[in-house]
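Two complexes follow with chain A in common, the first pairing it with chain B and the second with chain C.
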Partner chain A sequence: MITHVESPILEIHDLTVSYDQSPVLWNVDLSLPAGKLIGILGPNGAGKSTLIKAIMGLVPITGGYIKIFDRGLNDVRSRISYVPQRESVDWNFPASVLDVVMMGTYGKLGLFRRPGKKEKKIALDCLEKVGMQSFTDRQISELSGGQQQRVFIARALAQEADLYLMDEPFAGVDMATETAIFQLLQEMTASGKTVIVVHHDIHSAMNYFDWIIMLNLHLVASGPKADVVTEELLRKTYGGKLNLLTKVTDIIRQKDFNPLKN
Partner chain B sequence: MSDFVYFFTFQDASIAFVVIGIILLGIGSAYVGTYSFLDKKALLGDAISHAVLPGICLGFMLAGEKNPIYIVSGAFLSGALATFLTSWLKSNTRLSDDAIIASILSIFFGFGIVFLTVIQKSGNPEMAGLNQFIFGNAIAILEEDLYIYGGLAILIIITLSVFRKEFSMLVFNADFGKSIGYPMGAIRLVFNVLMILAVVIGIQAIGVVLMAALLIAPGAAARFWTDNLGKLLLIAGAFSAISGIIGTYVSFVIPQMPTGPWVVVFLSIFAFVSFLFAPKKGVLSRFVARKHYLKKTHQDHLLKSIFHGLEGGKKTFAIEEIYEAFPYKKKDTRHTITNLISDNLITVDQGLITFTPKGKSEAKRIVRLHRLWELYLNEYMNIAPDHVHDSAEKLEHILTPELEALLENRLNYPKLDPHQETIPRDTDEL
Partner chain C sequence: MTGDAISHAVLPGIVIGFFVSGSQRGLEVIIGAGLLGILTTLIINWLKTKAKVQLDASIGITFTLLFAIGIILINMLAYKVDLDQECVLYGEIAYLPIDLWITDAGFSMGPRITYLAILNLVLVSGFIFLLYKELSITSFDENFGIVIGLPAGAINLALMSMVSYTTVSSFEAVGAILVVALLVVPPATAFLWTKKLTSLIKLTCGLGIFIALAGYYLAYVVDSSIAGMMVAVGGVVFLGSALIKSIRPNLLFGTSAPGKPLEI
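Our next item is the complex of A and B:
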């Protein structure tokens, strides 16, 4: 059940990704419409984060290509914002909330130049949008999980992008914050932005997303929520890994040679 | 004493030169080291500093004398080779990080010592100074060498200052930097070059064995004092420069005394003092904070037991009853009562305790938090009423007004706790 769209905002063509010798994504082929709130669902180790990292050029691609706004990544970087997983950074780093949110302006600022008043104003506005304005000068080590997540989202907002890729922004977030963030994301898509979110909770996914991608090492489904949320597709996604596929992956790893790589 | 005056008045231009050199070197290596400490790559500095020894020896052999250009280049190249090998092994083998670092360090250092022995056997009259590279001797540095070391140190300091936002990004969130199009690979490369340079300029003053301490200790010590990167770099630089000056002074006063070990001794003193006495993060202030918390806990418990007495229908509360309630803490209790009186929470008249209005409201607050928490455990976490008391006894002291409001709201302003006791509000009569 894979729905393709005309003039997609993001087109992934036959994408295969391997870590070292193990393939983690097999021949993913999908296209996504603009202005939608899109969820990537799948069990642990299904390759959800890898898909986002591949789109952002953070992991090498074994095969296939990706087009964003019908262009290569490097031509459109300033229009894309990436929110990494919260656990991927060291929150003991000596920085304030404002310092981190200001990083969102660094892309437009470029190398050498230091952020000034204009960048500070953007950062403060974005902090207000996520309801963290009273934490501006707080050390990031003192934040709770949900607050860290909101700081990351404020940083993404400060990039003033058109396409947002968020890796598990709801991990370790309480219910009230989750609802508030989803509302914010819905406002963003209403104003024409596209937001792609890696998400783990099927239940809340049903309520919020317009379009759903289901992954389990391979692409199970991609389409409007109403079309893809079926018992059969959910079972294919969450009902364990394909036995044969796992065996092939094991053989490739044991051989210490990946024939999928050129 | 005259040595001290002679050294610190800088009458001798060569001493002034050495001191300026050691200050620059100290600040430069502290800057680089602080970043690598934050990046959790402290051991890499140790590997690099041991790995420059074979390069120094080869440089010496090629030049046939202690030519600073040859030696600095040799040291830089072998440091670069070690850094490259470390990352190559990491991506091409399944060896763990610590195994790679340990192998690189010992193999390179082993080769270095072999070369050093070869040079010593060769009978080259210039070789005498070469041993200084092991433990360092700042006083023996020649003026022309200082220009090279000082210049490189200034280069390091300027580069790190100009690219501060890029290096912070590298340490905090390199993936994000890559996602906004920053050349993180090149930034990492520049950082590694700076790290090797910092080691190279330190080898003659501090020595290869101890150079890692000058990289890491200042940042580690300074981290106790601040959470601000700018201040962290300044404090680290200051610790490093001061230790450098004192170490140089010692090797000036005592002939044949190497500089490196003394610099490390003074750095260790800074680190140790920071560990013990730094505000907030130091051992002492954490100990004081804990004491303070325990005192507050005891005070809360006293107020509560008076409250319970009055709640039970007593008109007055005798001070003796309090001592009986806490039989093992007589001294603490006496002390706490004095504090309660001076804080205007209770008054004591002829052995009878009375709450002041302020004290009554504080006692109600603690009992209220205790009972609200009990009810929350019982209702929301499904814990039996006879199991909720201990947790409440410990948590009543730390629940904030915000959490209190949240509890009231969630539990819908309850009247009774799980033991059917009244949850006291400020407006209630006792």
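Our next item is the complex of A and C:
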């Protein structure tokens, strides 16, 4: 069940990625519309992060090609923003929250030029959007996991891009923060940005995403939420994990399910 | 720890440079050592990313191997000349005033090493001043640097070249052990006291100068090895800081008071 779109913002053609000869993504072929909140779902080890990293040029591609805004990656770097997994960096690094968020503006600044008032204002605005304005001067080693995640999202916002790729931005984040960030992402897509999020929780995925990609080494599905969230496709994605699947079936039965109300 | 690795691994480069130039103080020695320094970081990186060896293991393997090759080269080729492991390892600051730079006209310009050190200071400060934001981004989150289009590989290579040049230009004077001590101890001590990058750099410089001066005068007073005394002072300063921090962990500079709870 793969829906292709006209004039896609991101087009992936026959993508294969392997680590040490063993493929972790096989023949992924999809195209994504602009202005949508897009979720990538799949079990652990399904290649979700690898897909994001391949799009960002961080892992070598074995086969196929990726086009963003109908161009190659290097032509459009300033229009793409990336939130890596929180564990990928050393949070003991001597830097303040503001320093890290300012890093988001460096791509547009270019080599040798120093960030000035304008960059600082962008960074402060972005911190306010994620509700971290009272932590501006805090050292990053003194933040909780959820706060670190917000700092990373603020840094991505400071890139002022058109396409956002986020690798598990909700790992280790509490429900209230998750809701707040999802609302922020929905505002962004409403203003024409495209946001692609690697996500674990099927419950909240059902609530917030417009478009869902299901991945398990192969591409299982890519399309509008209403079309792809079916028992059959979820079973194909998650395999024989029956316990989980019964829960999912339950959710599908009560269509108006909302985890925040329960 | 890369500095530690480089300071030992440049030995074969020095020996080879020594043979090309025929003296310990030629430009070839510095170039040879610099190249070896870069080679060291490349090997460490390659072992880590391609051969999937852990970072500490790949550092340990690389620098001990290269250092051993250097020692073998010295023993094979240079046993007759004034270049031995002792001088490479320990150096001797007290001889610096004798090692003068004398111009062709016979005019003495003062200790030769001083000029190397001044050039080093200018290069390193200029490098940090110009590339401050690029350096902080690639050290904190290299992938993010790559993603926003920074030449992260080139910046890393430049940083490593700076470390090798610093190591090479100073260790002829002070020996590998003092170079490592002065590369590692001041920033490690400063990191106990502050978590802010600019204060960290300033405190590191201050501590370095303090350790050098205090070590020198203490050695003068007790009439002992200058390099040894400097390392000892550094060690005492570090241990003292660690001890104070373990008793009073909240004694910090450059950190903020706990903020208000999060509002959504």
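Criterion: the second predicted complex is superposed on the first by the 239 of 262 C-alpha atoms of A that agree within 3 Å, B and C clash if a C-alpha of one lies under 4 Å from a C-alpha of the other, contacts with A are read in each partner's own complex, and residues count from 1 in each chain.
Assume a contact is a pair of C-beta atoms (placed from the backbone, for glycine too) under 8 Å apart; a residue touches a chain by one contact, two chains touch by 3 or more.
For clarity, every value in this text was computed on a predicted model and none was experimentally measured.
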Chain B and chain C placed together on chain A: clash or fit? clash
Exercise. Now for A:Ser88: first (chain B), second (chain C), both, or neither, which partner does it touch?
Worked result: both
- Task: Report for A:Gln159: first if it touches chain B alone, second if chain C alone, otherwise both or neither.
- Result: both
Handout entry: Touching partner for A:Asp201 - first (chain B), second (chain C), both, neither
Key = neither
Go through the superposed model and pick first if A:Asp29 touches only chain B, second if only chain C, both, or neither. neither
The answer to whether chain B or chain C touches more of chain A is C
Note: overlapping chain A surface for chain B and chain C spans 56-58, 74, 77-78, 80, 82, 84, 88-90, 93-96, 99-100, 103, 106-107, 111-112, 114-115, 139, 141, 155, 159
In the complex, chain A touches chain C at residues 56-58, 74, 77-78, 80, 82, 84, 88-90, 92-96, 99-100, 103, 106-107, 109, 111-112, 114-115, 131-132, 134-135, 137-139, 141-142, 147, 155, 159, 176-177, 179-180
Chain A partner, complex, touching residues on chain B are 38, 40, 162-166, 168-169, 171-173, 175-182, 223, 226-229, 232
Chain A partner, complex, touching residues on chain C are 130-134, 136-137, 139-141, 143-144, 146-150, 191, 194-197, 200, 254-256, 259-260, 262-264
In their shared complex, chain B is touched by residues of chain A numbered 53, 56-58, 74, 77-78, 80-82, 84, 88-90, 93-96, 99-100, 103, 106-107, 111-112, 114-115, 139, 141, 155, 159
